[in-house]
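Inspection log for the structure reproduced underneath, given as C-alpha cells.
Order as written gives the chain letters A, B, C and D; numbering starts at 1 within each chain.
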Amino acid sequence: MSQQPPGEEIARRLVARASWQPLEVLFWAAALASIYVLPGRHLILTEIAILGLFALSLDLILGYAGIVSLGQAAFFGFGAYAAGLLAKYDLVTEPLLALIVSGVAAALVGFVTSFLVLRGSDLTRIMVTLGVALVLREIANRYAWLTGGADGLQGVEIKPLFGLYRFDMFGHTAFCYALGVLIVLFLLARRIVHSPFGLSLQSIKGNPVRAAAVGIPVNGRLVAIYTIAAGYAGVAGALLTQTTAFTSLSVLDFERSADLLLVLIIGGTGYLYGGLIGAILFKLMQDYLAALTPQYWPFWIGLLLVAIVLIGRERIMSWTKPIRALARRLDWRRSTTAVAVEGQRP
Amino acid sequence: MRRLTALKAALAVGLLGLTSAAWAQDPVKIGLILPMTGQQASTGKQIKAGVDLYIKEHGDTVAGRKIEVILKDDAAVPDNTKRLAQELIVNDKVSVIAGFGVTPAALAAAPLATEGKVIELVMAAGTSIITERSPYIARTSFTLAQSSVPLADWAAKNGIKKVVTMVSDYAPGHDAEKSFSDRFKEAGGEVIEAIRFPLANPDFAPFLQRAADAKPDAIMVFVPSGQGGTFMKQFTERGLDKAGIKVIGPGDVTDDDLLPAMGDAVLGAVTAHFYSADHPSAKNQAYVEAFKKANNFRPNFMSVGGYDGMHLIYEALKKTGGKADGDTLIAAMKGMSWESPRGPISIDPETRDIIQNVYMRKVEKKAGELYNVEFATFEGIKDPVKAAKK
Amino acid sequence: MLTILFDGIAYGMLLFVLACGLAVTLGLMNFVNLAHGAFAMAGGYCTVILVNRWGIPFLAALPLAFLSTAILGLAFERTLYIHVYRKSHLDQVLFTIGLVFMSVAAVDYVMGSSQVFVQLPSWLEGQINVLGVGIGRYRLLIIIICGLLTLLLQFILARSRFGSRLRAAVDDQRVARGLGINVGGVFALTFAFGSGLAGLGGALGAEILGLDPIFPLKYMIYFLIVVTVGGTSSITGPFLASLLLGVGDVAGKYYMPTLGAFVIYTIMILVLIWRPQGLFARGGAR
Amino acid sequence: MTVMLETIALEKRFGGLVATSNVALKVEKGARHALIGPNGAGKTTLINLLTGVLRPTAGRILLDERDITSLKPHSRVKLGIARTFQINQLFAELTPIETVALAVSERLGCGKNWWRIVGRPSQVTDEVVKILENFRLVDVMNERTAILPYGKQRLLEIAVAVASAPRVLLLDEPAAGVPEDERHMILDIVARLPGDVTVLLIEHDMDLVFQFAKWISVLVNGVLFVEGSPEAIARDERVRQVYLGETGHG
C-alpha cells in the first residue's frame, strides 16, 4: 500500500469505504436465493424482511446519528394504517404507489416530531419517542370510526401488485415484494451512509460540539435523518399491512418498539446489516422456541439476552473474526479495484 | 402374511381413488392458535386445558384418522395470528384452525379460512360479526349479545330501573353495551350513562367513581376474561355494594377462574352467562372434576369453548367418515347438537354460530368457595344481533 | 371532587413506591434497570402466598414482602447485575429486558397466568365517610404507608451516614474507595433497598393494579414516566411527579373518560419538551 | 489595516459570575494576534462567544463588519471562523482521512449531499491530500482517531480547523499537553499557516506566543487588561505581576 503515492492511496481509501465486500454480496445472494430455495418459509421470511427494514430505520438514527428511540413504532404504525386506509377506501389501489405514499406520510410525521428529540439526554429521548408512539396509539384507539380501534382495521383488500401479481396465500408475491422493497431501500441507505451527509451524521454522533465547529448544521442534519428513518419505518409498516391485508393497534405497541431495539442491539448498530442479521436471528429464534414451548418461550429468549450481555457482545462478535478475516482474504478486488477506479478519473 | 394384507389394504385404498379413504392414514391436523403469553394468557391456558381434556377422554383417533393438534402462541396480537394461521394452512396443511382468544385475532384469520377453504373454529372470541366474515367459521364459545339481552330482560323485570353501563372499549364491549341498552330501554329501563374504558386499563377507580356519582340502581359491566377480579375488588373498595348498587353483567366479570380469589365482596353479583362451573348436571360435575384433576385451577367458560370445539370437530369427522375438507366439514357441523357441560347446545345451520341456554346466576358460597349459582334459565338463545338483522 | 383527588393521591403514592427504586438505581447508580417491575411482581406474589396460603396477617406480610424482595434483589445484584454496571446503557437494556422475559415466563409457570389477589382483612375493605368525602380504607392505608416511607427515604438519603456514603460513592467511585467506603457494598445495599421498596409497592399495589405475570411489562412504561418526568437527581422529584401523574391520570379519566390515557402521556411529553432533565431536576446539571 | 474580527462591549454572565466583562477586542486582517492571561481569565469563554457556542449576555460581535452575534456556530463557520479546542474535540471513531474529508466536504457545500460517495468530487480528495500531507498525518490516516498518539491528535485538531479554510482561525492552546519533543511540530505548523488567514492564538506557552505573535492582548478576570506589541507586553510591569502572581501559586 505504502508504495502508492499518498494522493492515490487517500482517494482510494475514501472511495473504498463504500465498495462492496464479498460477505455483503454473499448475504444478498443468499437472500435472493431464498425465493427459490425456501418456498415453504416465505411467510416468516416476509416478516423477517419487514422487521429487517424496520430495524434498518432504527439503525439509521441510532447507529449513525446516535438518537436512541423507543418509539419507532409510531412511524411503523402510521405507515401501516396509512397503507390500510388507502387500500380500504380505494384511494391508492396500486400497492407500490400506496407504499410510497404511506412512507412519505410517515416521514412527514417524523419531520413534525423530530423537533422533540433534538434536546435532552438519551433517557429523555427514549421517553419522548415512546410518548409519541403511545399518544398515536391512543389516537388510533380513539378514532375507531376510521381505524377500527381495538378491533383492528377490517376490510382491507390489497389489489394485485402492478395490477399483475396477486398476493397469494403462500406469501410468494408478498416475499418477493417485501424483499424487493428491502433491497432498494437498503441500497439507498447504503448510499446515504457513505455520502458526505452520512459521514456528517457519524460525526454528530461522535461529537456534536466539534461537528458544529466544522460547520455542520447539527439540528438540521438530525431532523433530516430522523425524517428519512421515519419514512423507512413507515414503509415497513405499510409492507406489513399490504402483505397481511390487515392492521391493528399492535403495530403501535410499545412492545414493537422494544423488540425492535432488541433486534438491533443483537445484530449490532452502525453497519447497516445489524438490523437485518438481528431480525433473522430474533425471528428464527422466536419461531423455533415458540414452536417448542408455546407458553414459556419468552423465558428462553430472556435467558439468551442475559447470556449475550454477560458473555459480552464484543466477545461474541470476535468469534466471527475468522470468518471475516477469511472474507477479507477472499476479496479479490482488494488492490485492483482502487487502481481501476483511479484509472477512470481524468 | 401380515405385510401382504397391509399391502392389499393399501392397494385397495389406493384404488378407491382420491376420496376420503385415500388419506385416511394421514392425521387430521388442527392448528390451535391461542394467546399463551401476554395479557390474555389465562384464556389460552383454559382453552388448551379444555382441548387436552377432551382428547384425553375421547382418544386421539376419530373415524380412523389420528388427530394432531399443533399449538401456536399469538399473544393475542392479530398480525401474529394471521401469519401463524397462514403458516398452519400452507405448511402444515391443517384442516381446522381453532382457538382465537380475542376478536381481532379471529377476524384477522377469517380471509384465510375462506381462501384456504379451511374451518376456522372460534373457541373464545365473542363479537357477533365474526361468523359472518367467512362461510367456514363456526363458533363454540358465545356472543356477548347472547348474555346481554336476557340480562336486560331480567334486570327490567327485577326492579332495576336506572343502569350505568361500563364496558371495555372494543368490539365485544360495544356489542354488550348496545344489545343490553337497546333491550333494556325497550323494556322501559333507563341507561343513565355509558362509560367505555380502554382495553388495557390499570385502574378502574375513576370510572367507577363516575358510575357511582350517577347513582344508578345497577352497573352493567363487561370486561374481558381476566380483568373481572380487579373490577370487582375496586367496586367493593369504593363501597358501592354498601351503597346499594348492584353489579350485573355478562358472566365475564365473575369469571370462574378468578372467582375464588375475589373474596366475599362479590357475593350477590348477578350475571347472565352460558357456563358456570357450578352448572348442576352430571356431565358438568364429571367435567369439572376431571378438569381440576388435570390442572390446578377451576375450568371457566373459555375452557368449555375449547372442550366443545373439540367435540364439534370429532363429531363432524365421524359424520364425514374422516373427510376433512372445509366444505364437507362445515356442512357436517351445521345443525349439530349435543349435550355439553354447559347444557344443551347446537350449531345454528344458518349462521354457524352457537345456540345455547343462558343462565342467570348469583355469586354464592358453596363449601367455602365462591360459585356462580344458576337460578333461572333462558333456553335456546340464538345470537340476537344476527337475529335482529333478518 | 375530593374523592377523585384522594384516589389520585393514593394512586400516585403507589406509583412512587413502585418507581422510586428505579429512580435510585438510574439516578444514583446510572443503571437502567427495566427489570424493576419484576421485583415489584415478586413482592406481590410473595404477599399472595404469605397471606392466602399461609394465613399470615396482611400487615405482617408487608414487611416480609419487603425483606424477601430485598434479599432477592441483593442476590441478583451480587451474582448478575454486578457484571453489567460497567456496560453500555444499551447492554443494560438488553440484559434487564431479558430478566423481565424470564421472570414473566417463570411466574406464569409457577403461579399460573390468571390474576391473583391478596385476601384483605375486612377492616380494610370499603370506604369511610369523612365530611362527605368518601375515603377508601385501603387507599388511606396506602397513603399512610407511602407517606411515612417517603419521609424515611428522604431522611436516609439526605441525613444519614449511609446517605452520605452513597452520594460519595456516586460522585466519584475512586475517591470514595480511597476514603475507605466499600463502594460495592453501598451499591448492593442500595439496590437491595430499591428492590425491597418495589416489592412493597407490588404487595400494596396488587389490590389496585391487579397482579399477573405480565405485571413488569405492563407497568414498565409508568415507572419510566415517573422517573423521567420527576428527574433522577432527588427523591422529591419522582415523588412529586408520581403525585402529578396519579392525580392527572385519575382526574383525566374521571372527567374525560373518552380521552383516558392521553392525559398521562401528554403530560410527559410536554414536561420533557419544557424541561428535558425532568420537571423537578435541580438546575438541570448533568 | 482593516479589522477582521471585533467585539463591542461584549459581556457574559453565568448567574452572578461575570466571565467576560465589557471586552472590546479588535483583530486585524491577517493578524498574528495572541490572547494571553492567567488561568480563569475567561479566554476560553471569549472563544466560545466568538464561535457562537455561548450566547453573550450583552454586546456585539462583528466579522468583517458584519454582525454575527446571533448566528449559530455552524453559520459562523460558513462565514469563515474556525477554531481548535483546548481539549481535543475529535471524532473518536473516524479516521483522519474521514475527519478531514468531512470538514472539506462541508466547506465545499456538499455536506448535505446524500447521493454521492464521500470524496467523489475529486476537488475534495485533492484538498484532503493536501491537508493530510501538510499536517504530517499521512502515516496514520487510516487509524481510528481514538488510538492516535496525542501529538497526532493535536495536529488533527488543527488540521480539521484549517480544512474549513477559515478567514479567522482561533487556536485555543494548540500546544497544550503536547510532550516537549513533539512541540516543535505544532510550532512549525502554526508558523506555516497561510499569511492571509487571521489568527488569534490563546496560549500559555510564552515561547510560542513570543515566537508567533505580532500583537498581544492580555485578559484578566474577564476584562481586557492591556494590549500591545510583544516587546511592550514583555516590558509591562503589570503583566509580569499578574503572571508572577499566578506562577507563585502554582
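Simple rule for what comes next: contacts are C-beta pairs under 8 Å (C-beta built on N, C-alpha and C of every residue); 3 or more make two chains touch, one makes a residue touch a chain.
Because the structure is a prediction, the values reported are computed rather than measured.
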Those chains that touch subunit D and also touch subunit A are none
Hopping only between chains that touch, the fewest steps from subunit C to subunit D number 2
By Cα-centroid distance to the whole-protein Cα centroid, the innermost chain is A
Outermost chain relative to subunit C, judged by CA means, is D
Per the C-alpha centroid definition, the whole-Å distance linking subunit A and subunit C comes out as 34
For the pair subunit B and subunit D, the C-alpha centroid-to-centroid distance in angstrom is 75
For the pair subunit A and subunit B, the C-alpha centroid-to-centroid distance in angstrom is 39
Listed in rising order, subunit B residues that touch 2 or more other chains are 37, 41, 44-45, 198
Residues in subunit D with touches to at least two other chains are numbered none
Among subunit A residues, those touching two or more other chains are 295, 297-298
Among line, ring, star, complete and other, the chain touch graph is other
Every touching pair of chains is listed here as A-B, A-C, A-D, B-C
In the complex, the residues of subunit A that touch subunit C are 68, 116, 119-124, 126-128, 130-132, 134-135, 138, 142, 254-255, 258, 261-262, 265-266, 269, 295-306, 308-310, 312-313
Per the touch rule above, subunit B residues touching subunit A in the complex are 34, 36-37, 41, 44-45, 71-73, 77-79, 82-83, 86-87, 89-91, 103-104, 107-108, 111-112, 115-116, 127, 169-171, 198-199
Counting only contacts in the complex, subunit D reaches subunit A at residues 51, 53, 72-75, 77-78, 82-83, 85, 89-94, 97-99, 101-103, 105-107, 110-120, 122, 124-126, 128-129, 132-133, 138, 141-142, 160-161, 163-164
Residue positions on subunit A within touch of subunit B in the complex are 40-41, 43-44, 47, 141, 144, 149-152, 154, 169-171, 240, 244-248, 250-251, 253, 290-291, 294-295, 297-298
As the complex stands, subunit A meets subunit D at residues 6-7, 10-11, 13-15, 17-18, 191-192, 194-200, 202-203, 206-207, 209-218, 220-221, 224, 345
